[in-house]
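Multiple structures follow.
Each of the two complexes below includes subunit A, the first together with subunit B, the second together with subunit C.
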Partner chain A sequence: MNKKRRYFGWLVPCIILTVTVAASPVFAQQPTADEINAVAKNLSCPTCTGINVADCPTETCAQWRAKIGELLAEGKSEQEILDYFAARYGDHVLQVPPKRGFFVLVWALPVIALLFGLAWLAYLMRGWAIRRAPVTVESVHGDQAPRGVSGQLSDDASLEDGYLKRVQQDLEKLS
Partner chain B sequence: MANIGYVALLLALVLALYATVAALVGARRRMPELVMSARNAALTVTGLLTLSVVILEYLLILGDFRTLYVAEVSNRAMPVFFKMTALWGSQAGSLLFWSWLMSLFGGAVLLRKWGKMRTLMPYVIAVTQITLFFFISLISGIWTLLAVPLEALGLTSGAQLLADMVNINPFHQLGFTPADGNGLNPLLRHWGMIIHPPMLYLGFVSFVIPYAFAIAALVTRQTGDLWIRATRRWTLVAWLFLSMGLLLGGWWAYGVLGWGGYWAWDPVENAALMPWLTGTAFLHSVMIQEKRGMFKVWNMALIIMTYSLVIFGTFLTRSGVISSVHTFAQSGIGPLFLIFIGLMFIYSVILLFERLDSLKSENELDSLLSRESIFLLQNLLFLAVFFVTFWGTIFPVVSELVARQKAIVGPPFFNQVNGPLLAALVVLMGIAPLMPWRRASVQKLVRLLLWPVVVGLGVTAALFALGLRNFAILPGTQLRVLPVSLFYGFAAFTAVVTLLEYWRGTRARHRSTGEGYLRALWTLLGRNRRRYGGYLIHIGVIMMALGVIGTNFFQSETQRNLAVGESFTITSTLTGDYTLTYEGLRSLPAPDDVSRTGATLSVSRNGRNIGELHPTHDFFIPQEQPMTIPAMRYSLIEDLYVIVAGWEDGGATATFKAFVNPLVNWLWIGGFIFILGTAVAAWPDPAEDRRLALASAPRRTVPA
Partner chain C sequence: MNLTEQVQTETTSPRRRTVWLLVALGLVLAFVAVLAFGLRPKTSTVLQGRPAPDFELTAFNGEFNGQRFSLQDMRGQIVVLNFWASWCVECDKEMPLLEQAWNDYRDQGVWLIGVDYLDIDSEGLAYLDRFGTTYPNGPDIGSRIFQDYQCTGVPETFFIDREGMIQHVQIGPLTQPQLYGLLDRLLAAETEG
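The block that comes next holds the complex of A and B.
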């Protein structure tokens, strides 16, 4: 019990530490190309399509990278720089839409869909579980034994899923 | 000559329509002669399209620049090989190529399955030929005829769109003969790009076969396993080509585009991935129908989705509706495509609903602990990945239409949301083969899972202890809390399960026959191609997962501007420091229309010299298009990947971008194993065919 509490006691500071380290601004007087690219990766080239500002060879993107360098040197954080570009040129210069307004749907809909799918699956399975009863033996086909039979085999028989048996049959044919 | 090609195209158009109508009327009125006539018409369409393709190739090789398409995609300087592959270099040609491939598949299935599936055939003809009719109509210029009445109705913009479609006739003639053509897009002059589109197209078009049989089964109410058995191998072949297309595309991007990666979640990449995802779900869930007679509606729904996505993918690629780096082809065919997809999808869904009564499950789920339920969960996850991909791809359009707000949904979204779903799929891939059909007892399952879990946890802990301490972002948040070593643990778990499956089978053979282990493994593989081919695919996937995890979480990247003689260092997560020294820049010999510049970098790792790298920069003069070609140092552990991003003063200083991509080659090796496994599973196996025929012989339904 005590041990468990100590574990949780460490967990929270650890998470906070990880988050702060990951989110803290890179503070630099003279930002390197790598620091600039790290920010530029989150912006989309405004004139071409499907490419981010870090990888883009155009003149515009070179200017944007220079601007990012200036802002970094002023001590702006990554988020502040992204906000700066979004405010100036529109949200579509961001690689991922900001999480507000209509754009929340980008993130929300997949989650809703997945939850819906899981719920539906659970509903289906529950239905099966309730209605499950040892019913008819429709027909038994060849060696595909498990197919038509419902609910009467022992665990052992059902665990045997046919292929080792088929190996045996192949062998018998051979000999 | 071009006129003959065009006439052949028009005849194919008319005959495709005739075949559709004749097949349907013949089936309804029970007139076998008419169905026979439809079949012959369909085969003639294949012949006519072949003629068109041959003529277009002839014009391309000849360099007949009076033909607009030839002038658009080729020029005199191009080698003959590239002239030939320019057939799929742009809109009109690739649509013709697409149609031709589809007509080949349609023709092949008619010849091979005619005798055995007589009752399904009329509808198979109708489905393939109506699709062909639509595709041929796009390039035949007939839609321009509608421009005049639309104009009269006052719909000027619509009329203009249709009138412009005259240009996507591959045989359209210019009023004059240009001295030379424009030449192929330089990015496409790479052998990866030569093979990639045909593979993708083959994958796309061959899904028409399972879809056509599914529709035929629904219409004729022969909703047993007949259509699944008839198309199983076709589906695997479709899937094989699609997988190869995707892999080659990634390889090409990695080797040519020079941004250090292989997959950018670009709309056109997504277009090819989406049918692959639903197709993969389909391939798995038909197994449940074959073994247990369940999920019949679900399988129908999956194949309808897959085929709709194939057409949707072609639409995304060909209409330019969502702009991307693949803007090689844009035109006004978008609206027509949307109408076609809509009609096809709605018809399929209505048909499915009308036939629900004949798609009753023969069995019910016995237990939540069974392979069936794992397969269901797997299907759900594949659909979830599909949905995320679909939603992310169309969101910019939706956002602009609905909210009047422009947006871009880039790779970070897809990586964050799809990443965990794909990781879950890898785990399921490990559990499913252990799960027996119908019902598992908890004790047995625990016993079976024990070793894989132990190894998986062991690998996770060992890697973490060895210093692999990266954390992945929890999707939708900024929290880096998922230890990446856990992903490798998942992969290890699944690998152990899969290898154990081989081991058990081999041992069983060895014990009962006394065969040596290798021989036992070989016969095992040969006699159960689907099963062990499938496991081979799983092993390929695990290897690919190693590469995907490696490049996503452990890639290092740096950019530096250097004067000659200066060096910079890039630190690899796995092997230490690479130091690259800029030795100089010079121009290199190249074809006439290219100016090529190469840089020389000497490379040392941890202080030891390991050779030179020569990244190059090509400038295509007529197109004014630059292209950076990376130089790479390959190994199984990691690639060092360098591009020259620019230079000043004739090369006195230059800017380089370097990447270290850990384990990336496992992606290609895994991809090869994956393809091999698919080929094994799809290879004809007379013994298995007999077994399947026997298994379902008493179940063959009488046509309604």
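The block that comes next holds the complex of A and C.
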């Protein structure tokens, strides 16, 4: 009985000590430079142009990388860290613009431009198709006139009929 | 399609094409206008003589730690709003002057408010400690104050009179004669008024 009490008397403080030490920030796993840079490359240097925080040599970005390290050590995910920086410093610090507010335009404009481009192309192609459409003899004479192999106005017919020749010339002028 | 229809299509298409061209041109012009508006040069000096945008800032240093400051609440006081950052080398020059001015003018109804721009809080606080800064300073959450005041960088300082009008915008570090001269002028204007 005494032995058991002594055994438990030691066990409980040992468990408490182990849990406390394990939970201490000193023993928390420190993120590597690669882990920090993986997050930092998604943030823009706030004081330079076109450089991400991972590649930037300025003092500001060094501070930001240290902060990213702190947040990673606290167990924050990449998205949580990016959200923190966006909330703290503004959306413009994100390399990939968020899909909200004014930044929606950044995502929507290329799609709108593409749709307009396709519509414009379709319109142009329709115009070309009309212009290149063969003039068939039945357009003028119905089934009575002779047809060429391709259905186009045959040389013989156009030569024989002065009226058709004029029509042909008019159509050429229009195109 | 018979010939009549074809000829009609041919004769009406140029008109339709013109309409389409005008629509496309209009869209391109609208896009360029939006871009030009977004990229127009902005400078804080345009705010001189205009009402100061309202702001809210929660101080993070010294005796003011956790206290909320808004321009609206400070109406009737002279406010010197200074933008700085711990990574800003030029800010070093004016930090001692601002603290000195705070000690010399706080009893005359002058508030000095420091806005820590794009900074890590711990770095900002260490910077304030380095200069023994005691006037209220706080982080610019979301860089909103910086944007509202159309700042171009740090340091920048706005001198706001008791009516909430921006009387002077200083881009770059202040000198002591300049700082004291501006504060004296603002206080004198009040006495004359």
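Please note the rule applied: the second predicted complex is superposed on the first by the 103 of 175 C-alpha atoms of A that agree within 3 Å, B and C clash if a C-alpha of one lies under 4 Å from a C-alpha of the other, contacts with A are read in each partner's own complex, and residues count from 1 in each chain.
The definition used in the following text is that a contact is a pair of C-beta atoms (placed from the backbone, for glycine too) under 8 Å apart; a residue touches a chain by one contact, two chains touch by 3 or more.
The structure presented is a predicted model; accordingly, all values stated were derived computationally and were not measured.
Of the two partner chains, subunit C is the only one that A:123 touches; subunit B does not reach it. Once the two complexes are laid over each other on the shared chain, residue contacts for A:52 go to subunit B alone; subunit C is not touched. Of the two partner chains placed by superposition, subunit B and subunit C are both touched by A:90. Subunit A is touched at more residues by one of its partners, and among subunit B and subunit C that partner is B. In the superposed pair of complexes, A:60 makes contact with subunit C only, with no contact to subunit B.
By the touch criterion defined above, A:107 lies against subunit B but remains apart from subunit C after alignment on the C-alpha atoms of chain A.
Overlap of the subunit B and subunit C contact sets on subunit A: residues 90, 92, 109, 131, 139, 167, 170-171, 174.
Contact residues on subunit A toward subunit C in their complex (touch as defined above): 46-47, 58-60, 63-64, 66-67, 87-90, 92, 109, 116, 120, 123, 127, 130-131, 133, 135, 139-140, 167, 170-171, 174-175. Residue ranges of subunit C in contact with subunit A, taken from their complex: 1-3, 6-7, 9-11, 13, 17, 20, 24, 27, 31, 85-87, 118-120, 123, 139, 141-144, 147.
Within the complex formed with subunit A, the residues of subunit B that make contact are 259, 264, 266-267, 291-293, 323-327, 362-366, 368, 371, 373, 376-377, 380, 383-384, 387-388, 391-392, 395-396, 399, 402-403, 405-413, 417, 436-441, 444, 471, 476, 478-481, 504-505, 508-509, 512-513, 523-524, 527-528, 531, 557-561, 626, 628, 645-646, 655, 691, 694-699. The touching residues of subunit A, counted against subunit B in their complex, run 15, 18-19, 22-23, 33-34, 37, 42, 44, 48-52, 55, 57, 90-97, 101-103, 105-107, 109-111, 113-114, 117-118, 121, 124-125, 128-129, 131-132, 138-139, 141-144, 146-148, 150-151, 153, 155, 158-161, 163-164, 166-168, 170-171, 174.
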